[in-house]
Amino acid sequence: MFYFDKRLQYPVKVENPDPIFARMLQQAIGGIEGEIRVCMQYFFQAWGARGPTTKYRDMLLHTATEEMGHVEMLATAVALNLEKAPTSLQEEGAADGVVGAVMGGGSARHTIEGMLHRHLLSTGMAAFPANCEGVPFDMSHIYASGNLAADMYCNVAAESTGRVLAVRLYNAAHDAGMKDMLHFMIARDTMHQQQWLAVLEEMGGHEGTLPIPNSFPQEKEDQKNNYNFYATAHDGSAPAEGRWTSGPSIDGKGQFSVFQNKPMGEEPVLGPARPDSAAETQQIG
Amino acid sequence: MFYFDKRLQYPVKVENPDPIFARMLQQAIGGIEGEIRVCMQYFFQAWGARGPTTKYRDMLLHTATEEMGHVEMLATAVALNLEKAPTSLQEEGAADGVVGAVMGGGSARHTIEGMLHRHLLSTGMAAFPANCEGVPFDMSHIYASGNLAADMYCNVAAESTGRVLAVRLYNAAHDAGMKDMLHFMIARDTMHQQQWLAVLEEMGGHEGTLPIPNSFPQEKEDQKNNYNFYATAHDGSAPAEGRWTSGPSIDGKGQFSVFQNKPMGEEPVLGPARPDSAAETQQIG
Amino acid sequence: MFYFDKRLQYPVKVENPDPIFARMLQQAIGGIEGEIRVCMQYFFQAWGARGPTTKYRDMLLHTATEEMGHVEMLATAVALNLEKAPTSLQEEGAADGVVGAVMGGGSARHTIEGMLHRHLLSTGMAAFPANCEGVPFDMSHIYASGNLAADMYCNVAAESTGRVLAVRLYNAAHDAGMKDMLHFMIARDTMHQQQWLAVLEEMGGHEGTLPIPNSFPQEKEDQKNNYNFYATAHDGSAPAEGRWTSGPSIDGKGQFSVFQNKPMGEEPVLGPARPDSAAETQQIG
Amino acid sequence: MFYFDKRLQYPVKVENPDPIFARMLQQAIGGIEGEIRVCMQYFFQAWGARGPTTKYRDMLLHTATEEMGHVEMLATAVALNLEKAPTSLQEEGAADGVVGAVMGGGSARHTIEGMLHRHLLSTGMAAFPANCEGVPFDMSHIYASGNLAADMYCNVAAESTGRVLAVRLYNAAHDAGMKDMLHFMIARDTMHQQQWLAVLEEMGGHEGTLPIPNSFPQEKEDQKNNYNFYATAHDGSAPAEGRWTSGPSIDGKGQFSVFQNKPMGEEPVLGPARPDSAAETQQIG
Amino acid sequence: MFYFDKRLQYPVKVENPDPIFARMLQQAIGGIEGEIRVCMQYFFQAWGARGPTTKYRDMLLHTATEEMGHVEMLATAVALNLEKAPTSLQEEGAADGVVGAVMGGGSARHTIEGMLHRHLLSTGMAAFPANCEGVPFDMSHIYASGNLAADMYCNVAAESTGRVLAVRLYNAAHDAGMKDMLHFMIARDTMHQQQWLAVLEEMGGHEGTLPIPNSFPQEKEDQKNNYNFYATAHDGSAPAEGRWTSGPSIDGKGQFSVFQNKPMGEEPVLGPARPDSAAETQQIG
Amino acid sequence: MFYFDKRLQYPVKVENPDPIFARMLQQAIGGIEGEIRVCMQYFFQAWGARGPTTKYRDMLLHTATEEMGHVEMLATAVALNLEKAPTSLQEEGAADGVVGAVMGGGSARHTIEGMLHRHLLSTGMAAFPANCEGVPFDMSHIYASGNLAADMYCNVAAESTGRVLAVRLYNAAHDAGMKDMLHFMIARDTMHQQQWLAVLEEMGGHEGTLPIPNSFPQEKEDQKNNYNFYATAHDGSAPAEGRWTSGPSIDGKGQFSVFQNKPMGEEPVLGPARPDSAAETQQIG
């Protein structure tokens, strides 16, 4: 179970509120690279973790709980960036010192055009769990497979795209407070990338974990097709050489090679449509 | 651009059609761990690939094109597993040799209850781009970030959860043809896991790629918070030791440590609601 | 604006309530082939109809309003089929004369397994706007393009898949009342298919409407590529002959031919990633 | 920011694991009446709360944090109910003491048919953030309007449908541990219904809060149409009398009456389609 | 079943068409606070209404039918606001008297940038069932629980957020016709808030309806945890006093108190992963 | 299975990159009228095609494969239009020769406001499978019914709305390269409209295919209600005459007439709520 502290994980200050930056920050809240995603992903991985030790379950709980605080920081940042946003399309509805209109040289109306309209119409100038285009977060993006190594790679992927996003936000930002907040978040993403990779190392690295799942007896998989790169160019030209076209495989359990792909199966034959299947009579054999 | 061959990548045979297994296979078509996802993910990564070499773009195209053939195999397998499925809830609508009813000891009606109803009602006994619960595939799951290393981890994640799924299908299957098809697909997933990891190795491994994105000057990130594990237990107890709590970091650029998490920020203060914001008067300061 | 009559468009009787058939009927309510879809599609086409006459707007309103009554009939049919459905997984929770358990020879528990669980858990034994797998209707399926001929084809498509669905439900049904209701709905779908095709005929048939939109000066489209079938077989084999491979085109404005497809463009060249774009340094030129 | 305790809010015990009940419990996790919804709804309301006092913000944080612990309990309950679920459709894959097969009198195969297949295929026998049909939770259901009174009614609605769901689960359950867990959750829903209604009372009750938003000068709304019930029966019959057809209004600011509805507007006239709008030429005036 | 009148419920006039206001109005059509939602919610509640009287079913039908006319008004308003919207990004594509460009001081291009692009690309300048960001309406937002009191609170919530939205649109609008239309809709929302609360009063008010569902014997719920506020602050500080922390409960059936929350359960113990579950071998044991 | 050629189907050149046009093009990639949709629709129709001949299966494969190349062209066009897009909201982040800022007379900031933010934040200036508002493509739009004639109408509908979209993009475009690409795509849409109509002609035209499905014995449908237009005007006025109100039906199997619609059914009667259904006690009979 859980407890909260009213204070934020890290300071969130906005000197020059900017409704367009509020829109951008939504991607870090409700985007697929965002913080709700990692928070919930780590929680569901923890709650379903099976194995002889609770060590990984606990680690996941520590970090999921940390991420919850990041969602809070970002939601606060959005609300602060919306503090002076315009509410009217009327000429007199001039922007009141808001950066958007000033920097864009435009009117309050101009600023509204670039904002997420739901910030004005649905939330009363606050964050909501959607991305920078207003698309609500869909929890199918919570990856938790029951396989620890697969989950760790899902987490590295999440933290990699997450840090890419945070860097883009940092580069786009103009406010010192926002840059400060983001330079903290970028650092946490660095640690989290490390952390999931450290689990993989602890589990034995490539040799100890691959191919995932390593509990499937590898002799049962097709031995002729598990370490060869399939080339599918129409003209049959060979692919450029790479680490994956020759030499020992990454897991040390095979040798890479190249295979010019071709059909090994037949043209499929389906039975005719049945009389009661509501096909056209022309399809019923 | 693209070409097709009518023949399948690999043989797809079904001796004992089973509508419940058809439902299961849908996860490998339209599930988040499925083949449409990897196919489209590799295509979109390829089409947006930027960099001094076209090598990675080409590799992605080779494999995306291969995956398209896997979707085709699975769609064929679904149609074949539905060949004898019942179409009526009436008593006389007896299952005609279909495994479901036989193995479950039940009637045609029983088999329908376990099937995806859309196989009967919407497709006329064929595959559709949805998962094993009938939830349509949502293309927000195509991860393509513009950062090559992040994308490779997304791909390893996809192939790891993909092979986990394929193994589960293999374990659940009872038909020799289906097991044969899956033992091929499991092998290809092995290779694809290797392949994306090989790109990461070619890019310089952990040191050469981390933290992702490595193009952000790391001195700009918060130096006090990028290699320490945040412990968030309510009672302040120390987390169990792991590869991530002490010692050199995975990228060799820092030292792991543990930090008992606490608020560094303040309680946030938002401005009062504005008179024209449709808040309750009690909220308007 | 609108008015209602408490009485139903057509009698809805259920002698032998069947929770599994209730699940099937949901596809006709909230499926993409269902009645909410056509109702709303005709309404939105009507409300956006532009042109010198209000004739088509009015026709759309007549039929959209009719369809609303079909949704009502189906929702009633679902509620009636759920009247005796079980509510408990406990052994003593025996099915009370419900067809599902009787016909399947199973217990109340068995019937629940095949039901939509949301009928029990979310609606208290009533219909909801979702399909037969419980996937909510997504109004992106309301096709209304602003082009009258395109919209008519969307409507023919909707009524064709709609009648296919209604026939499948009729074939699956065992209750005389349900078969009676469906034989009425099948008839209405017949009329609606006719009706939208009649608009196309009134607009001048293939010659008067094609290619859609006919307001684009056809000389502006690529004259070399508008009536030839592209063959994309890997081995360059010619496609089977059909109405579309030779002879006059359907709109009488061209001649069909076959073209062995090949690239007319170049390999695409994208610029390198920019330094501030959060790509890996390896991608930055 | 947040802290966790490894221990659960309330004991979660399962004596007789039942994969079908695991499916049902998913509605309380990822359904629209479920716990992720209330947890996140209260958080987003808190993070966007504006007003002269932080009292309501704090109250929301207390309860949102509590709800997080409910999600955890339910996720644990799902994992425990899946402990002995079958993994294979093969005859020999007999259910190992699982309630489903026993109570339904069926085989392991039978139990799989009624399960959420993603419990087997995607999660490795654990919870995921989706409802009882496998539909992922969509965060558009987080209602947080920026108006405190509106939000309180959203919360009462959420806790009312939530307690309805919990009661249905209680009635469906057969396991003493599950009934114990649910009798706790039902009690918490009682309190939460009270709590949001208490805020409305503290704000002045119906008179102090209605019509919502009360900050809009009520003289600006249409005075002839704000307290009359519109009757829309085709035959013009009067609606049955109710509290809403006559007498003082609930907020004490008007008198109820009945109005036989009729059009006050005209038939709408839209301009013709423009030549460049890709309409059919027949629509271009 | 249903009937229509070509004329609108209330006049819809637009003197100064504004494509940006057209975008805003979409929230009232296809937003979660919008009119499709209430229309369909009341219909589905009516069609599933069970109880000794048809009074509530009828009331719901009256108002659902009324709401259908509101959707029509709004769709008309959107089409009228789009009448002069630009269709081209070319410099010469100057805005033809449209307010957007004029008020923003910008070009036709500028106006397109702020518009919903689908108004131009998908609908030919007409409304569609999506919100102000172009997100399609998802019918999972139709709340109809089968419990009359719960449904009434869902309806009050819908009309409260609905009137908040209508007021925000009114405040943002600059056109007299639009303000007139909205001042009517705001009034109807006032009545509808009253109406659902009146049902609750008729059912016996708080005492007669709470806790919802009132048909569950309250002695079965956990008597120690149904009227106490759980405080979850990390530092154990007491929450501010409120109507919900002490005194009689709202339903008169209990006494409010405060409970410093703490775990009552244990750390959960899940079984190890099974050998055939595609976990990593490290988890099996 | 499939092969690729690195070269594009048709040249894609962009002289004046325009991030706003990149946004528009997304509709042709991930919109419901777009190319992913037709590509996947034709594939799934092919993979499920049943009937005595493989001719239609093959035709579908030829064209599905062609469409894959169109997705590639469009994705390339998006990436090229984003080449000079701004990445920063800071004043100094001036647009570097990008058309958006130039033509709109605005700054880099101005251009960002009109862009899809995910082009900047999520993809690093590349295409993704979403529409022009950033809504991800949802594969429920893949229509494949198992009835060949129904599917052909779905395809005509797709190519009609597709060509409407392509024409709108052509009209909106300012770049010669983009106009050239689109004039090719418009031509292909012309052919594809023809092609699916040609199948219908080959199947026997209206008489040979209608009503769809033609395999349902038409004498089983309600003979009194299959060729009459239902008029639902409140005042009982007759609808305007049209091809659908009198004369022979389109399929030559009936005679059109007009029917003033009225209820043929009764007011529906549902049973009372059950005691264990979590309704309010007031609903339990």
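A, B, C, D, E and F label the chains in the order they appear, each numbered from 1.
We take it that contacts are C-beta pairs under 8 Å (C-beta built on N, C-alpha and C of every residue); 3 or more make two chains touch, one makes a residue touch a chain.
Just so you know, these numbers come straight off a predicted model, no measurement behind them.
A.B. asks: With chain centres defined as mean CA positions, report which chain is farthest from chain D.
C.D. replies: Centroid comparison gives F as the farthest chain from chain D.
A.B. asks: Quick one: point me to the chain whose Cα centre is farthest from that of chain E.
C.D. replies: When every chain centre is compared against chain E, the largest gap points to B.
A.B. asks: Given that chain B and chain E are copies and touch, would you call their interface same or different according to whether over half of its residue numbers are shared?
C.D. replies: On the two sides of the chain E and chain B interface, the residue numbers are mostly the same, over half being shared.
A.B. asks: By how many degrees does chain C turn when fitted onto chain D using C-alpha atoms, rounded in steps of 5?
C.D. replies: The best-fit rotation has an angle of 120 degrees.
A.B. asks: Based only on mean CA positions, could you tell me how far chain A sits from chain C in angstrom?
C.D. replies: Here the centre of chain C sits 32 Å away from the centre of chain A.
A.B. asks: Between chain A and chain B, what is the gap in Å from one C-alpha centre to the other?
C.D. replies: 12
A.B. asks: Quick one: chain A and chain F, Cα centre-to-centre, how many Å?
C.D. replies: Computed value for the inter-centroid distance: 28 Å.
A.B. asks: Taking each residue of chain E in turn, which ones touch at least two of the other chains?
C.D. replies: Residues 1-9, 32-33, 47-48, 50, 58, 61-62, 65-66, 76, 79, 87-88, 106, 110, 113-114, 122, 124-125, 133-136, 138, 140, 145-147, 149, 164-165, 167-168, 171, 212-213, 216, 232-234, 261, 263, 267-268, 270-271, 273, 276-279 of chain E touch two or more partner chains.
A.B. asks: Which of line, ring, star, complete or other matches the graph of chains that touch?
C.D. replies: The chain contacts form a complete graph, every chain touching every other.
A.B. asks: Which residues of chain A touch chain E in the complex?
C.D. replies: So the residues of chain A in touch with chain E come to 1-6, 47-52, 54, 87-91, 106-107, 109-110, 112-114, 116-118, 120-122, 124, 133-136, 146-149, 203-204, 208-209, 212-216.
A.B. asks: Any idea which chain B residues touch chain F in the complex?
C.D. replies: Against chain F, chain B makes touches at 1-9, 30, 36, 40, 43-44, 47-48, 50, 58, 61-62, 64-66, 68-69, 71-72, 75-76, 79, 122-130, 136-140, 142, 144-147.
A.B. asks: Applying the document's contact rule, which stretches of chain D touch chain F when the two form their complex?
C.D. replies: Residues of chain D touching chain F: 164-165, 167-168, 171, 234, 276-278.
A.B. asks: Within their complex, state which residues of chain B touch chain D.
C.D. replies: Going through chain B, the ones touching chain D are 18, 20-21, 23-24, 27, 31-33, 100, 103-106, 110, 113-114, 131-135, 164-165, 168-169, 171-174, 232-235, 261, 263, 267-268, 270-273, 275, 277-285.
A.B. asks: Using the touch definition from the top, list the residues of chain B that touch chain A in their complex.
C.D. replies: Spelled out, the residues of chain B in touch with chain A are 3, 5-12, 32-33, 55, 58-59, 61-63, 65-66, 73, 76, 79-80, 83, 87-88, 124-125, 135, 138, 140-141, 143, 145-147, 149-150, 153-154, 156-157, 160-161, 163-164, 167, 170, 183-184, 186-191, 193-195, 197-199, 201-202, 206, 210-213, 216, 218, 220-234, 239-240, 242-244, 249-251, 254, 256, 261-268, 270-271, 273-274, 276-279.
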